[in-house]
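Structures are listed in the sections that come next.
Two complexes follow with chain A in common, the first pairing it with chain B and the second with chain C.
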Partner chain A sequence: MSEPSRTHASLLPSVAAVLAGAVYMVFFLAGESQMVVFGLLVGAVLALAAFKHWRVLDAVGQSARDHQGPFSIVVVAAVAAVCLYFYDDAFVLFLLGTVLVYVLTCLGLNIQFGFVGVMNFAGASFFGVGCYTAAVLTKHTALPHLLIIVLGGLLAALLGFVILIPVLKTRGHYAALVTIAFALLFKTFLEVNDTLGGPQGLKAAGLNLFGWDVGRDIAIGDFEGSFYLGYIAVILLLAILGFIMARRMEDSWIGLNMDAVRLDETVSACFGQSIPRWKITAFTIGNFYCGVAGAFYAMMLGYIAPTNFTFGDSLILLSIVILGGLGSLWGTVVATGIVIIIPEKFQVLQEYRFLLFSALVIAILLFRPQGLLPRPLRGYRTLKSLPGKS
Partner chain B sequence: MKLNKRIGLTLGLLLIILAGPAWAKEKVQVAFIGPLTGGVSAIGVGGRNSADLAVRLRNADPKAKYEYELVVLDDECKPNTGVQVATKAAADKKIIAAAAHYCSVVALAGVDVYHKFGLPIVVWGAVHPDITYGNDYKEIHRVNGTMINQNEVAAKFVKELGYKTWVNLYDTTDYGKGMNEYFSKYLTANGGKILGSFGVTADQQDFTAELTQAKKLDPDVIWFGGLTPLGVRIRLQMEKLGLTSQFQSCSGIISDAYVTGTGELAEGTIAFREGEPVEHLPGGKWFMEEYNKAGYSEAPDAFGPFAFVAMNLILDTIEEVGPKRKAVVKRMENIKDYKSIVGAVTFDEHGQNISPAITKYVVQDGQWVPWQDSEYAAGKRQLKRR
Partner chain C sequence: MQNPLLSISNLGKKFGGVTALVDLDLAVPRNRIFGLIGPNGSGKTTFFNVVTGIYPATSGTVVFEKEDITRFSPQKVYRAGVARTFQRSRLLLPLSILDNITLGDHSQLENGLFFNLFRRRALAAQYRQLLDKSRDLITIFDPGLADRIFEPVVNLPMISRRRIEICRALISNPKLLLLDEPSAGMTHEETHRLIDDILQIKDKIADLTIIIIEHEMSVMERITDHCAVLNFGQKICEGTYQQVAADPEVQKAYLGVD
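Our next item is the complex of A and B:
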């Protein structure tokens, strides 16, 4: 909570933190040998511990909170810079693109779980609805691909209505069970459905925007970049839109009502809040996010199969949300990076990589049970206290 | 395992320092891609060890022109991870070629990537026909047979044994469904009659419903397309329901686990697998000896020999034409009668090995025995209903 008397923190610490993060990412992604990767990981943990001890992290957090707008712009610029640094390294770009896809998905789950408290154990299924929509529509229709991405989201939201009534009628664990059942059902349905490719899956066409084939390498003048740069540009834009929308929702009266519903259903019902209304809103919007991300992912990946959308994948999505901190949007972004990139960097360990990765996740949750970046208390900003309005 | 590696590494480094001329050798990277984690990791790890063995033996060979380094990547048997590691291997210009994929879905998802970046690969385990026949990519090759070959032989063989009617059970994965499709096709072409066909989910426990119906239909043979765990359950429950039909299956159940799981009931089960039995080939015994000598803690499993051959083929090609992707692709276009431990390898215009031998197996006294060596072929024992 920001007290009116407190002066605004400087923007500098947060910008410095983002820059340091970007430089670190470049080294981490470019690092190939086992030693470098482990060295960087251990270094990061030690540095974070030290910064926490010297209260540097608090200053960074305060600075970021006081300058949300500029801070977000700096982060986007840093992400773009990292992507451009690896302009011809197709693999790293693909990995970064995957991270952004999962960021968008997990933002959706965060709206459901973090804001309203609806546990969705079928995130990967709604993601899959988007994937299959894209694969089928790109193959059989000539619809513009941007429209297909939106349709993927809409269809996922629509399919969410199927389990809406049981989700609303049940609470807590029981609602979670409903979504688990849906996830299992969805995968089995795909496996026995031959028109959707059965267990073998489907090919999906690459993204084509207004005649621009995104799947081609980029050549502007002397600059030659991997085609994944195009994909990253699109998904970065989608992720930014998703983030802004989630943030606006959180800051507005909608978010306030959602918080009330999550914290105590009975009390908020007594105060005239409609519980089903907010649950439906969050559930549908969250599934829309998943579907949009899925539709884009299918086009980037080029091939989808039911084994991508198992219950286990849904668990990974939820674990990202929890690891980042419930309801914390920036937390989701950071956690996605960790969950997607680190197992990949551990490829050198071969069959032991998930063992170490799981140990790492447990360790993080042990030392930070509220997630990496716990959601801060709501700042009740008045118009007057907003920067530039005083 | 890790300690072994470290000792190996230290010894290797010492060797390099001691053996001066070794410095002169150019380093060449090749990749192995397979499922090292998840449900089929045993096969992936066995394949990895076998490919690793091929590289080790080559590096120990003083006549080798290059020093090879094996990059191992885990595809988790999932298409999305598969595309990810395929991109990793293919986008890395240092990697010249790869032995890749056991899971068909992953291979199907990956072929476009390999083609886009021009990385030659040799598939060592995935059986889906479309991996090679679904495209015209010059980069894709395969040393093992497709499920077409296996089922063609299987259908002809069982028909010749004199069976007339079948009931088919299959799991609804890409493997089981594909097996059912091709087996049914060739069986009907050979004049066999399929009385009923049931799909079961890959984790089903109870088959009473399907088997009761099968009993009513009373076929000569119960055929199952799928993997060992289900095969065991079906065989045991057949007995419980009093089905006296012959049990026939496919490469998916050829494992020691099937025999131990079903005990005496395993006797007389017939199944088919690509490749000649390793122990029958001149190089097969040598392969097993070298494998044991190298001290891997896991068995090569069913597809290890294929991974070994795939990697050896890659290494031989690089030795011949040099470490350039394009040259390797061009050379592999006409591989003919390449001698290997799974028989001669000849690629057709799709890069598919057209001479994979199919071996018929039968369980005899708790062992998978090649049909021609068994007492069944000799007429000393009889299969059911003949």
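Our next item is the complex of A and C:
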């Protein structure tokens, strides 16, 4: 079974890139003055441009694609190392935890938008469904928290299923319109609903896993770290699980079917595909991701309010998916980091962040429509590595 | 005719005020290459679209293998054993050659969510099987394409795209193959190379009936056993290519002879 006759690239360039990225992250996150942070940002852009010019980036990409497994492990290790470096810095750790929460959310949106082509303008609302599920259930029931997280996902998935049913038979952008309506309705509903706390929102209990109170600071021997390290460990695992499942979906007949539905519904129908089936599958799974991420986030944050789930937030989530590249899983990871971290480090930008992201999306669509890390062609690489007769 | 594979009776199709097909009667015999001729806008593509369930018929019936498929969805028509190509080549351009061909075998694939996500070894085995099957099929047309099976189709020239489209339709072993102007967008010489391929395929597959729409008369002369001519949605003539070409009404309507 021969791949196109190309020699395998070495693992080295991608590992070096990850290490450089990790070191850069440490400096960037630790940067106190706005001048330093700004300088680092400009430096990164210039360095990337130069590396691209010298074809370093191509080598890195090739190396990462040829060694997906080892590369992924190195990335996870690097993320863990950065988190441990900031072991007692609650602000930075919370920020990193938030990034991972949104990585999971945006992977879900990418399954919907990038794989099957359903644009979900209510990502933040489905995320919110998960949040409120967690807040209500931790308060009124004694269900295990892990189960509550799953229930948050299931409830979001179910709601998405219900609102999509009526427009499944239609072509075009009706699905997108329905999600817009849902997003607007959801926020209004929360604001006027007193049992759900109205505009003030609700408190959510901290995560407790099998007797481990994740909300308590960590002390192991001499090591004392912020409790956020525990939260990060949990969400990192969830995000990895979500990533692996999305990757498996992509490298399978399901990914192929979804691509076909996105690219040409008539052709799909002429070759036996049920179009509603794949749209529902992608939409439901994507919302499950959002709900799970939301339920976790509510527990990490400790309280939730309707202002977290506006239409604008949904747009930011979508812009992350577009920025990273439609259908590109690594693209989503990188873009989430950029979009969540940069405004947090530049207080001045906070007010203009919607403006900034709109400009960014337009720029991306104009100059690099395939996104920062374009989705590679399906090579069934995760299947090829499996043992079995050839 | 005895036991035709496809029989059409009184088939009509209207798009609002436009009448695309009128009272069409056709019987397509088994294991033959059947040609469909007619000037632009005479309803040939519409005929394919109605047979494959993309558009519902306004009147009449389509019977395939003794089963009435007139009201079938495209999915059911495909499962009954009808596969097609499109006049304006409709490959999934960003996807690889392999993906485009594999897609045609949808009904043979294991499409369950659980299977695809968790039974990865079984999936890998099915993947290898499909890879071999697709490679073997495309090799008949062009061995060069078999080596490039992981490349996206967007960069390929029209003749390669047509070949891949035919493979996509053939991989499910259909009983009836509908080819809508396979020569569109190709040179005369390329067209005849493609026709060689089609004849070769027809030889290899025992039980295959083909309906081909074509404007190139030399093509029709070479490959068809039987032809029907449409004009303004009506069948005006039927017979072998020689008979049809000699018909005065056909010459008037189509060949531009006064």
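Simple rule for what comes next: the second predicted complex is superposed on the first by the 350 of 390 C-alpha atoms of A that agree within 3 Å, B and C clash if a C-alpha of one lies under 4 Å from a C-alpha of the other, contacts with A are read in each partner's own complex, and residues count from 1 in each chain.
Assume contacts are C-beta pairs under 8 Å (C-beta built on N, C-alpha and C of every residue); 3 or more make two chains touch, one makes a residue touch a chain.
Not measured: the values here are computed from a predicted model.
By the touch criterion defined above, A:L377 reaches chain C but does not reach chain B. Once the two complexes are laid over each other on the shared chain, residue contacts for A:N287 go to neither chain B nor chain C.
Which of chain B and chain C touches more residues of chain A is settled by the count: it is C. In the superposition on chain A, A:C270 makes contact with chain C only, while chain B stays out of contact range. In the superposition on chain A, A:V192 makes contact with chain B only, not with chain C. Within the superposed three-chain model, A:I254 lies in touch with chain C and out of touch with chain B [touch as defined at top].
Of the two partner chains, chain B is the only one touched by A:N308; chain C is not. In the superposed pair of complexes, A:S14 makes contact with neither chain B nor chain C. By the touch criterion stated above, chain A contacts chain C in their complex at residues 1, 3-4, 245, 248-249, 252-254, 256-257, 259-260, 263-264, 266-274, 281, 377-380, 382-384, 386-390. Residue ranges of chain C in contact with chain A, taken from their complex: 52-54, 73-75, 77-79, 83-84, 86, 90, 92-96, 99, 102-104, 106-107, 109-111, 113, 116-117, 120-121, 123-125, 127-128, 131, 147-148, 150-152, 168, 172. Against chain A, in their complex, chain B makes its touches with residues 36-37, 41, 44-45, 48, 72-74, 77-80, 83-85, 87-88, 90-92, 104-105, 108-109, 112-113, 117, 128, 172-174, 177-178, 199, 201. Per the touch definition, chain A reaches chain B in the complex via residues 89-91, 94-95, 98, 188, 191-192, 198-201, 203, 226, 297, 301-305, 307-308, 344, 347, 350-351, 353-354.
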